[in-house]
Amino acid sequence: MASSPASYRPSSDMMAITVIVAVLAAVPVVASLVGDPFLVKIATRVVVFAIAAVALNLVLGFGGLVSLMHAGLFGIGGYVVAILAFHADDSSRLFDLFPGTTELSIGLPLAMLVAGAAAAVMGLVSLRTSGVYFIMITLAFNQMLYYFFVALQQYGGEDGLQIMSDLTLFGHAAIGRMSFYYGCLVALALVLVVVQRLINSRFGMVLRASSQNERRLTAIGIAPLRYRLTAFALSGAIAGLAGALLAAGQQFISPAEMSWVRSGDLVVMCVLGGMARVWGPVLGAAVFLVLEIVLSGWSTHWQLAFGLLIILVVVSLRGGLIDLLHLVGRRGASR
Amino acid sequence: MDVALFTEQLLNGVQLGVQLFLMAAGLTLVFGIMNMINLTHGSLYMIGAFVAAALFGHTGSFLLALVIAVPATALAGALLEAAVLRHFYHRGHLDQVLVTFGLILVLNEIVKMIWGAVPVPLPVPQLLSGSVTLFADVTYPSFRLAILGVGAVVALGLYAVVAHTRIGMWVRAGASNRDIASAMGVNVELIFSLVFAAGAALAGLAGIMAGPINAVQVGMGEPVLILALVVTVIGGVGSIKGAFIAALMIGVVDTFGRVLLPPALGSMMIFMLMAVILAWRPRGLFPVHG
Amino acid sequence: MKIASIALASLLLLSASASAEEPVKIGFISTFSGPSGQLGQELLDGFNLGIKSVGGKLGGRTVEVIKGDDQAKPDVGRQLADKMIESDRVQIITGINFSNVMLAVAKPVLDSGAFIFSVNAGPSQYAGKLCNAHYFNESFQNDTLPEAMGLYLNSKQAKRVYLMAPNYPAGKDFLAGFKRTFKGQIAGEVYTAFGQLDYAAEIAQLRAAKPDAVFFFYPGGMGINFVKQYAQAGLTKEVKLYGPSFSLDQTVLPGMGDAAIGAYASAFWTEDFDNPASKKFVADFEAAYGRVPSPNAANAYDGARILDAALTSIGGKIEDKAAFRKALENVKFDSVRGHFRFNTNHYPIQDSYLAEIVKDAKGRPTMKKLELIKADQADSYASQCNMAAQ
Amino acid sequence: MTAPLLEVKQLVKRFGGLVATDHLDLDVRPGETLALIGPNGAGKTSLIAQLQGDLTPDAGAIYFSGVEITRRPAHGRALMGLARSFQITSVFPELSLVQNVALAVQARLGHSFRFWRDASSDSRLTGPAREALEIVGLSYPSRPASDVSHGERRQLELAMALAMQPRLLLLDEPMAGMGREDGVRMTRLLNELKRDYAMMLVEHDMNAVFALADRVTVLVAGKAIATGRPDEIRADPQVRAAYLGQK
């Protein structure tokens, strides 16, 4: 599935990350030029889902672990922020102990911590299995998380939880259109750089090697479980951050955001963009979300086109959109 | 819960299990033999039910609908295999999941274009519309008994074919080592196609038998597919015996879980069961070698 | 007061000609794909037919209906609402069919100053404490039809009733609504998993409890599964089924077939209503789409006609939000439901009826209106709404 | 006589009805090269797998420098100094040659919970890795492993084993699938390594075996039917009948 590793140069990846972040940073300018403020909203959504997809790709693309529980972890992050705001709103206490807060400098790290811890616990069980069993057990955990939040009647159950009060970051209003967008973009840039460093570090080498040849890795003296588990927890924490940002941005979270289909969407974003690069899923998320909104406006049968597109990508574009970029680049170079 | 009610619930659990087994059998065979995750199995279930409903609408005969719709689904499966899925046997599981997921979207829309979004009727055949008194205090719907019967016959039939016939031997040979089997003169391609068509026929049969008790509508295959995947994985991928035992287990656990536990916990039961079993036996209850 | 309003109206009429070229823009967010996809289509078909019935224009202005598929996901619905408000600059958002999508969408839409005009989803929050000057629901509030059925079963002196619904907020609302008015004994109250396929176990428990009647709420495919399986258990004749019309309407009846015959529904509208507006609606709907409409389609049809009537009364000037709100509150139009007006919380006051599921002349199962249960029924949350505070 | 580096006592491994290892006794002395020969299906690869930890024996014991390792996991044995090259080439295809070998170095240097520093520019890893590549004669170390020839991949395997600084090399048919020229080069290479490492060598190429081995053990149906110096084995009539004669 990965494209030729010969071209794997960390420096060119840092360049790509810089370009992507720069392009995204210019979106509000374009939006004000064409007079369509909605462009910022959709870019916000792209950035938030890109964070989640990059998180998934850490274990999927580099660790070879097809996880279907990332929507659940994503949702945990969202619920942490929403539940804290809920308690701040009516001045009640969480577990009769902790006061709520609308301050994101507390909410976001806590969301990452809780989602990361959940990923670690569920990962510990899941990583005992492999292959299709791993896919299925992560699906099972996703469903459990889903039903868990459906059962939380206090926090809205299936209806979800609205965030009624205004969220702040270090005391400043956090969810203004522009400030929130740039906040999310900074988070994405940080996540990309961290993950990029990570996969080229010693830890990353072990993780990547474990997905290519587990038997060989053991034979040279490295047991992959601890590394996979660490990556899984980290990936969960970042997915939790994305979920927290989604909840903060739309001031709402519900179990529907955690359905296993959403986990599948995240996998499609990774594959669509290309899993061999840290930044591939950012492309995937952008194309996926824009297509979703454009196609669904055309026809009620838009899922037909969407299904065909997924098949097409798997059949002919095995490295995802990254491959397409390479093709275009090569043609440009040979001209 | 008195004895009569307990018996009835047990029957319900076993009947649900048998229904799941019809789905899981095809899934686990294709899975075990071709090493192919085929999510379109749920779509074949839907196609079976829709074709039967359409035939019933024209002829008014459930039996005729059944007799034609099962081979029709097998044919649809064979076409799907030859046109698309065949090219993915050697790809990774991720590719297989994605392609068949894409196919689900496509097939759902096609069915919606043909039959519309409104659920279509497929009633219980007249002969089986009543209830039967089994013993004192226990009456049971005849059609559910029929599902039990069909499932039992299919399970026995499958066991006999796989364990005792020449085709079954070829299937096992093809599964354990493709190259050696071809060298011995087994047409592996043909065997694979046959297995796939047979699996499709079973999915279609499951869909038709479910038609009279479930809604025949677009997307009806997905919830069943998830349950059948759970069954397949708990039983051990590739194991018919495992699928059978796991299906009964899921049917009974789900039935009693729903009745005895609070609803939130009841809906989580089968997933918790799967997580516990896989944590204990990472390759399912009856792992198949290879 | 009167003079002022006449002056205002004439002023608006003048400016209406200026804005006449600009179409009225309506964002129609609903579920068009997945298992609930048919509901969105039903609503849109009804709404479009409603626009057509008043000459293809609303209040004399051309209409642009922008459609969006929320896929039953609240965040997708929210995204579509943002797009429609900011990019397409719609003045009204309508079509939403899931309460959780409504809860995700309503706040940002209302904050932006646009109108929410619901032709389906009716969460209790917005009928009560969260009621809003720009939020209107012309269909129903979740609790009202079960309340009506509770009243009816009181009048039939049913003693023990068994309740069943899926385990999600709307399910709980429906059973709570029933219990609010029903005075007899509850023989059992069972919540099942959302999306459950098989109800054999629950039906066995139900039979063992030997109730006089069953009140159930299962929307969509769940309802088909439940009713089919209930009939097969041989219970249809022994213990009658009672439900709100959503569980027994034309979005599910074709799938249920004969299994639904003999069940009773409480409804604000049935296919056989004999007022001229309704007769025309059913005939036009069948001619246009080749199927019998459901109450959902009827509500959406009414919705378009309410918008037309309100806009006509203010000369099409939707840009004057205060006037448009007043026009909606006092709207007069020919409802397919007969009597209709808005309550102080912007939810409907309308008549509820009992209907029986019977076969029509072509052998199709349909709802047949039997008797009036309650005239001018309002919801139970209106007292919590303080619209003046808005 | 010095204590053996590796000692196998009464080892048994069955697959269903098939006996792969049948009450086998065997030892490798420090500094020695022991060759393991025998017909196909004699149980050579399953023995190597049991020594390395891929397979768990049904009965018997394995000692490595006096410590029992019968049930120790494979990665633990690797860290003790047991390095294996695989019969069917086993490398990390999407990593470069130097990255492949650097992983082996990394394993030896302790845990890999280092998240920030670029491993490819860490001379503590790449230095020894390049050295090992040089020893086995592989150039262009930044080529991806999926792009090199079969013979070079076998060399890469050997380099990875060397980078582990092993005390015993378990080499499972290092010359399998190689052309004549590559085979000769590999024999020469092993001959040099033999000075520094103890080796257990499974090989079909008899010229190589007799050129390299200090002792030879003949395995037939999971049993050692003879052990001795190469010339003794060559002369053993039992061996000739059971094995060499068939050639």
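Order of writing sets the labels: A, B, C and D. Residues in every chain begin at 1.
Here is the rule we use: a contact is a pair of C-beta atoms (placed from the backbone, for glycine too) under 8 Å apart; a residue touches a chain by one contact, two chains touch by 3 or more.
Given the structure is predicted, the values throughout are model-derived calculations rather than measurements.
Engineer: Starting from the defined contact criterion, work out which chains touch subunit A and subunit B both, please.
Structural biologist: Joint contacts, listed by label: C.
Engineer: With one step meaning two chains touch, work out the least steps from subunit B to subunit C.
Structural biologist: 1
Engineer: Suppose chain centres are the mean of their C-alpha atoms. Which chain sits farthest from subunit C?
Structural biologist: It is D.
Engineer: Any chance you could check whether A-C or A-D wins on number of contacting C-beta pairs?
Structural biologist: Spelling it out, more C-beta pairs touch across A-D than across the other pair.
Engineer: Using CA atom means as chain centres, which chain is nearest the centre of all the protein shown?
Structural biologist: Closest chain centre to the overall C-alpha centroid: A.
Engineer: Where the CA atoms of subunit A average out and where those of subunit C average out, how many Å apart are those spots?
Structural biologist: 37
Engineer: Using mean CA coordinates as chain centres, what's the gap between subunit C and subunit D in Å?
Structural biologist: Chain centres of subunit C and subunit D, defined by C-alpha means, are spaced 75 Å apart.
Engineer: Per the centroid of Cα atoms for each chain, what is the distance between subunit B and subunit D, given in Å?
Structural biologist: 47
Engineer: For subunit A and subunit D, let me know how many angstrom lie between their CA-based centres, rounded off.
Structural biologist: 43
Engineer: Hey, what residues on subunit C touch two or more of the other chains?
Structural biologist: Residue numbers touching two or more other chains: 37, 41, 167, 193-194.
Engineer: Note the residues in subunit D that touch 2 or more other chains, in rising order.
Structural biologist: None at all.
Engineer: Got the subunit B residues that touch at least 2 other chains?
Structural biologist: 112, 264, 267
Engineer: What chain-chain pairs meet the touch criterion?
Structural biologist: Result for touching pairs of chains: A-B, A-C, A-D, B-C.
Engineer: Which positions of subunit D touch subunit A when the two form their complex?
Structural biologist: The contact residues of subunit D facing subunit A are 52-54, 73-76, 78-79, 83-84, 86, 90-96, 99, 102-104, 106-108, 112-120, 122, 125, 143-144, 146-147, 160, 164.
Engineer: Quick one: in the complex, what on subunit A touches subunit D?
Structural biologist: 2, 4-6, 8, 10, 197-198, 200-206, 208-209, 212-213, 215-223, 227, 230
Engineer: Write out the stretch or stretches of subunit B touching subunit A in their complex.
Structural biologist: Residues 31, 37, 84, 87, 92-95, 97-99, 101-106, 108-110, 112-113, 226, 229-230, 233, 237, 264-265, 267-268, 271-272, 274-275, 278-279, 282-284.
Engineer: Any idea which subunit A residues touch subunit B in the complex?
Structural biologist: By the definition above, subunit A touches subunit B via 1, 60, 66, 125, 128-133, 135-137, 139-141, 143-144, 147-148, 150-151, 260, 264, 267-268, 271, 301, 303-304, 306-311, 313-315, 318.
Engineer: Per the contact definition, I'd like the list of subunit C residues that touch subunit A in the complex.
Structural biologist: Interface residues on subunit C, with respect to subunit A: 32-33, 37, 40-41, 66-69, 71-76, 78-80, 82-83, 85-87, 99-100, 103-104, 107-108, 123, 167-169, 193-194.
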